[in-house]
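Look at the two complexes coming up: chain A is in both, with chain B in one and chain C in the other.
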Partner chain A sequence: MFKTAFGRQFFASVVSVVALSSAAQADDVFKVGISAGLTGYAATVDRAWSDGVQTAVDTLNAKGGIMGRKLEVVVEDNRSNPQEAVTVYRKMVSSDEVNLFASGCVSAGNAAAAPMVAKAEIPMILCSILPKDAAWAFTTLPPAGFEIEKRFEYLRDKTDIRKVGVLHDPTPYALLQKDVAQKVAATYGIEVVSVEAYKQDDADLSVQLSKMQAAGAGAVMKIGLGGTTLTAAKNLKQLGSPMLLLTSLEDLAVFKPVAEVLGDKFFFVASPSQVYEVYPDGGLKTAIGEFLEPWRAKFGDRDPNWASRGWDSIMLAAKAIEAGQSFEGSAIRDNLEKITGFQGTTGSYDMSAEKHQGISTNPFVVAQIIEGKVRIAQ
Partner chain B sequence: MDNISLVLQSLISGISIGCVYGLIGIGFCVIYNASGIVNFAQGAFVMIGGMATSVLMTDFQLPYAAAAIGAIIIAGIVGAAVERLVVRPLWNRNVAIFVMILATLAAQIVIERMAYILVGDQPKTLPPVSDLPPMMLGGVAVNIQSLWILASSLIIIAALNVFFKTSRTGKAMRAVSINAEAAVLQGIPVSRMLTLAFVISAMLGAIAGILLTPTQYTAFNVGVPFAISGFIAAIIGGFGRPLGAFIGGIALGVIQSMAILELGAGFKNVAALSLLLLFLFFRPSGLLGSTR
Partner chain C sequence: MTSSPSTTLPEARSAVQTTRLPLATAAVWAVSAAIVGYALIFGGYAATIISFALIYAVFVSGLNVFMGLTAQVSFGQSAFAAIGGYSSAVLTTTYAWPPLAGMSAGLVFSLLAAWAIGFPTLRLKGHYLAMATLAIGLITYEIAVEWESVTQGYLGISGIPPLGIGPFEAVSDRQILVVLSVVVLVIAFAVKRIQHSRLGRSFAAVAGSEEAAATLGINVARTKLVSFLLAAGLASISGSLFVHVVGYVSPEVFGLHMVILAFSMVYIGGLGTVAGPLIGALIVSILPEVFRGMKDSQDLAYGIALILILIYAPKGIAGVAGAFDARRAA
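Entry: the complex of A and B
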């Protein structure tokens, strides 16, 4: 092909330059790994979270990236399964060599992978609850008690109901909320008369609901994600039950058919972004507005709740990187711990070495869907 | 609600969900009777029934009945496709039955993924066939949709009984199941019987899906749990016996409900699998005796 020595040397030089420049480009990219349940029970929320992360990355990249370095998202489906989550985490650590994890809401999967990720010194900013050893993990999730307390507040202030049943799935976050409910109910003058579990693929919850009704519950506090909220609503109607249904945070797309079944007997915990239009003006609303602009341009009126927290995870990382002027994992971790007063879309984040769950003021409201419109419950 | 009412209410709930398991179990029996194959894609047909009806109603604005018929036809076509593309090539190569059974499991996953790609992952539901409040008997509520499921199941069982025992096609399908080679020698078009069995089974699965979705939600991934419950129902009842599968389904539903009532939801599957093991150990031919 190349008959002269010069030709061969020239070709070798070109190949070397191209290879070096590719390697340099690859080094320049800051990789964000996402372990998300794109399928399975957490699919609705984790897909939204993942799209929120991507929206934040696109927005930052359009402005030149972080300190001139572009971001790239690597997303892997853990099928809402903890074992699968460990596999995808391992793949992203060893093959993709990600620099940061912004992972979804499958708590057990994040917890199972946390020791391995910590060993690799990669910071994690999560949608889920924190793993036991949270030295390298941070969460955008408000404390588990917030969702419970808001519902108890509503029942205490707006209804005569003083006995409730708690219906929960077996995920760590749901179990945590269940424990909080049992612990704090009395401080609201409410008694938890029945605690029942279910699995995310259960086809019928009517026995659990009948037990609650028999125990005298006036309302069901459902804790958990997925279509079972719809099953619970249908079962309540089939039983002719007068109990109210108050559910934890979920995608509005799941709630709309539930509201069609139960009407004004259905309440849910909503994040500020889910009730943006009717939320009072202030820093929080401004922060949500900054996120909603690119989000709505791309996804229309799709539920912004989990996506907005995915957005927050990247903005928190950007803040930590810029503060430390470093992309090193340990520097990002240290500077995440120093973040205070950061206005995110779910609330204000105040981190510290001891506190990796930054939101400390309850941002939630209890909402309803009346005539297809989301409203703050009165 | 007193204790007796609670037990009765749980019993009614168990019977209601048991009817669904039974209806799915009947689908297993039809294919088994015609081919000796246990079709683990049966859950996918249940999913198609609910999902396709919902999509046809909401996206194509079809009335409920037309959407339901459309969904049953779609399920029948998918059933034929599973037989032609997955089972038939293996059948023609005389592979072991368990290979074909595993292939149907793979088909289940493929159908599930395709449903996810086509209609997304949002849960869907259907309105009740008749939007009436539950019948109250004392303090016990009887859901009207469950009566629809019960009545439909009994009609289907009677129709299948007549079909397999009196019609030429039904008898031919049974003959294929007993001895395919002898059936060929008798001039029975074996491949056509096999296709027909998958189509009927898929349609029955879709009917189950259409009837049960008004009582809960459906999504692309609901098929497997239903298939497992339907399979257990069919074993308890005696594999190949539609009436047995139906009774087995009710037994399964009632056992699960009583386990939740007395022991808690964590014991629901323990109770179901214990019942299955008991039958496998002490009466493997099931309540009514297997067809083989």
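Entry: the complex of A and C
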């Protein structure tokens, strides 16, 4: 092919330069891929998660990166759709050559792409529930029971209500919570007298709420995100119902109009970052403070809940990389499994080979919005 | 339905007249082959996009038989893709059936469902048929969500085995692409044969005028039912292919989004043409990726591109190619 020595040398030089420059490029930055539902049903949550990841990356980069290596975020919109998620994951694996995934809350998308990501030996730290084959996947999501247990605790300790209705949407996390509610209610001395489902785009929940009231429920345990919380509140008021409304974790922007409708009959599960100002001092509050400083500098009083978990995903990765002194995918995964007692913004993480859902102590509180201010329910 | 854009049947007309080589149509096939070839060579991300496009080409081929050749409208073909996909997923994961057996069972279930649904609904015409089929798609979606004991609802079913026969499995990007390419070619060949068969002529007659077709002695209801069954069968195969390629299925895959995408593909490619479903699926799948770098403007650019194609090629790309060949041959 190359008949002269010059030709061979020239070819070898070109190959070497190309190889070296691509190696140098690969070594320059540590790429974090985010498959997020920036549009579609998960948009509110996943945009916040994505911004939280970016805030963590910016903060680490300002300190010189991880072990001197800067980080770069590659974010792709999966449109909250599993097929689109597979496509964007594939793009980030083969074209962008990301080193780690810190992906959003679209459980179906993460589950669909998980085998392919595992084959590429890239660790995933997720906002969603874990896929079935979770060898390479970890999650910042607290166990489904935590939100339920906190509400049951409140009802048992602070009220006389012993009968509740469960109102849930059909998403995977909501279904898991619904199952937990039915399973553990009795241990709190509470009876689930009615379980009703709704769709995220339902414009009226009066039928479900009326059934619960007729069954003798004193409170509605609502499980699910979105505008249906306000719908439920308005329906309760229209029905003149005495039932309390206790909802699951959500963006505070959604809760404010609900509180205006129901006042002190409205309670919600809050993460520590949502009640930072009134949260007791300690390691958790310190960790949240470290996150809130750059977050508020950039986003003001925007709800920090989902973003704080995005922040945690990067800090967990940084911890694993530093512990293993390696940026290799398998080393990061192995060291993520060894993380114990790591103080994140959502709680303390304890991982192991068998346990990739790290939050082990319940960090949540039941909160209310009174006179426009968020406070822990007494 | 007495008239429709599909009654022009460009390829049918051109085939009668052609004495010269249909170069423009050949070019459409060549471009499609080049795109698939590119994905085969480079693999990775391109292979994933083209694999999905080929799966959609199977689905759209079925829609094309019903809409393009027979001039009926169905918004509910995703229902049969869901039946095929979920049958494959459940039978291979829960009952450890081999993928081919799962796909075959899905095909049988889809055909039975299509027969049961088509028998009464195909007596409807025009907008009524369209609304009835839309309802079928929505009902199937709801069943996929609510029948949790079988479908696992929004959690979805994972761990679905890859395509394969016996010990041979299509696991790598290139193996999957080869299998899908063969499937698409076989289906295109079959559609071409159907188009020029007695059955295809019955489809064309029904497409032109149901009353005139009945006068000619064609059993209109049966012809429409056969067309519907063919479309349902191909939709079922595409659903099964999807779940075995991705290894996961959840209800969102078979939502209204699938129907909208398939309609875009069939119109961009060319209604009533053989090459249309393939080139339409490839273009509609590739365009968003071309504009991905534009981030928030991606959808805007994608929409403008689709509109421009439809303005300058109202019969679709393969339709325009067929018309060009017909003019050369005249």
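The working rule: the second predicted complex is superposed on the first by the 352 of 378 C-alpha atoms of A that agree within 3 Å, B and C clash if a C-alpha of one lies under 4 Å from a C-alpha of the other, contacts with A are read in each partner's own complex, and residues count from 1 in each chain.
Please note the rule applied: a contact is a pair of C-beta atoms (placed from the backbone, for glycine too) under 8 Å apart; a residue touches a chain by one contact, two chains touch by 3 or more.
Keep in mind that what you see is a predicted model, and the values were worked out from it rather than measured.
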Which of chain B and chain C A:E196 touches, first, second, both or neither: first
Partner chain(s) touched by A:S308 [first = chain B, second = chain C, both, neither]: neither
Partner chain in contact with A:N99 - chain B first, chain C second, else both or neither: neither
Which of chain B and chain C A:S35 touches, first, second, both or neither: neither
Which partner, chain B or chain C, touches more chain A residues: B
Contacts of A:N81 with chain B and chain C, given as first, second, both or neither: second
Which superposed partner A:T139 touches (first chain B, second chain C, both, neither): neither
First (chain B), second (chain C), both or neither touched by A:L175: second
Doubly contacted chain A residues - partners chain C and chain B: none
In the complex, chain C residues that touch chain A: 43-45, 48-49, 52, 145-146, 148, 153-156, 158-159, 242, 246-248, 250, 252-253, 257, 289, 292, 298
Chain C contact footprint on chain A (complex, rising order): 76-77, 80-83, 86-87, 90-91, 93-95, 107-108, 111-112, 114-115, 131-133, 170-172, 175
Chain A-facing residues of chain B, complex: 1-3, 5-6, 9-10, 13-14, 16-17, 20, 116, 121-125, 133-134, 136, 141, 143, 145-146, 212, 214-219, 221-222, 224-226, 229, 257, 260-261, 264-266, 268-269
Chain A residues touching chain B - in the complex, by the definition given at the top: 39-40, 43-44, 47, 196-199, 201-204, 206-208, 210-211, 213-214, 226-228, 230-231, 234-235, 238-240, 253-254, 257, 261
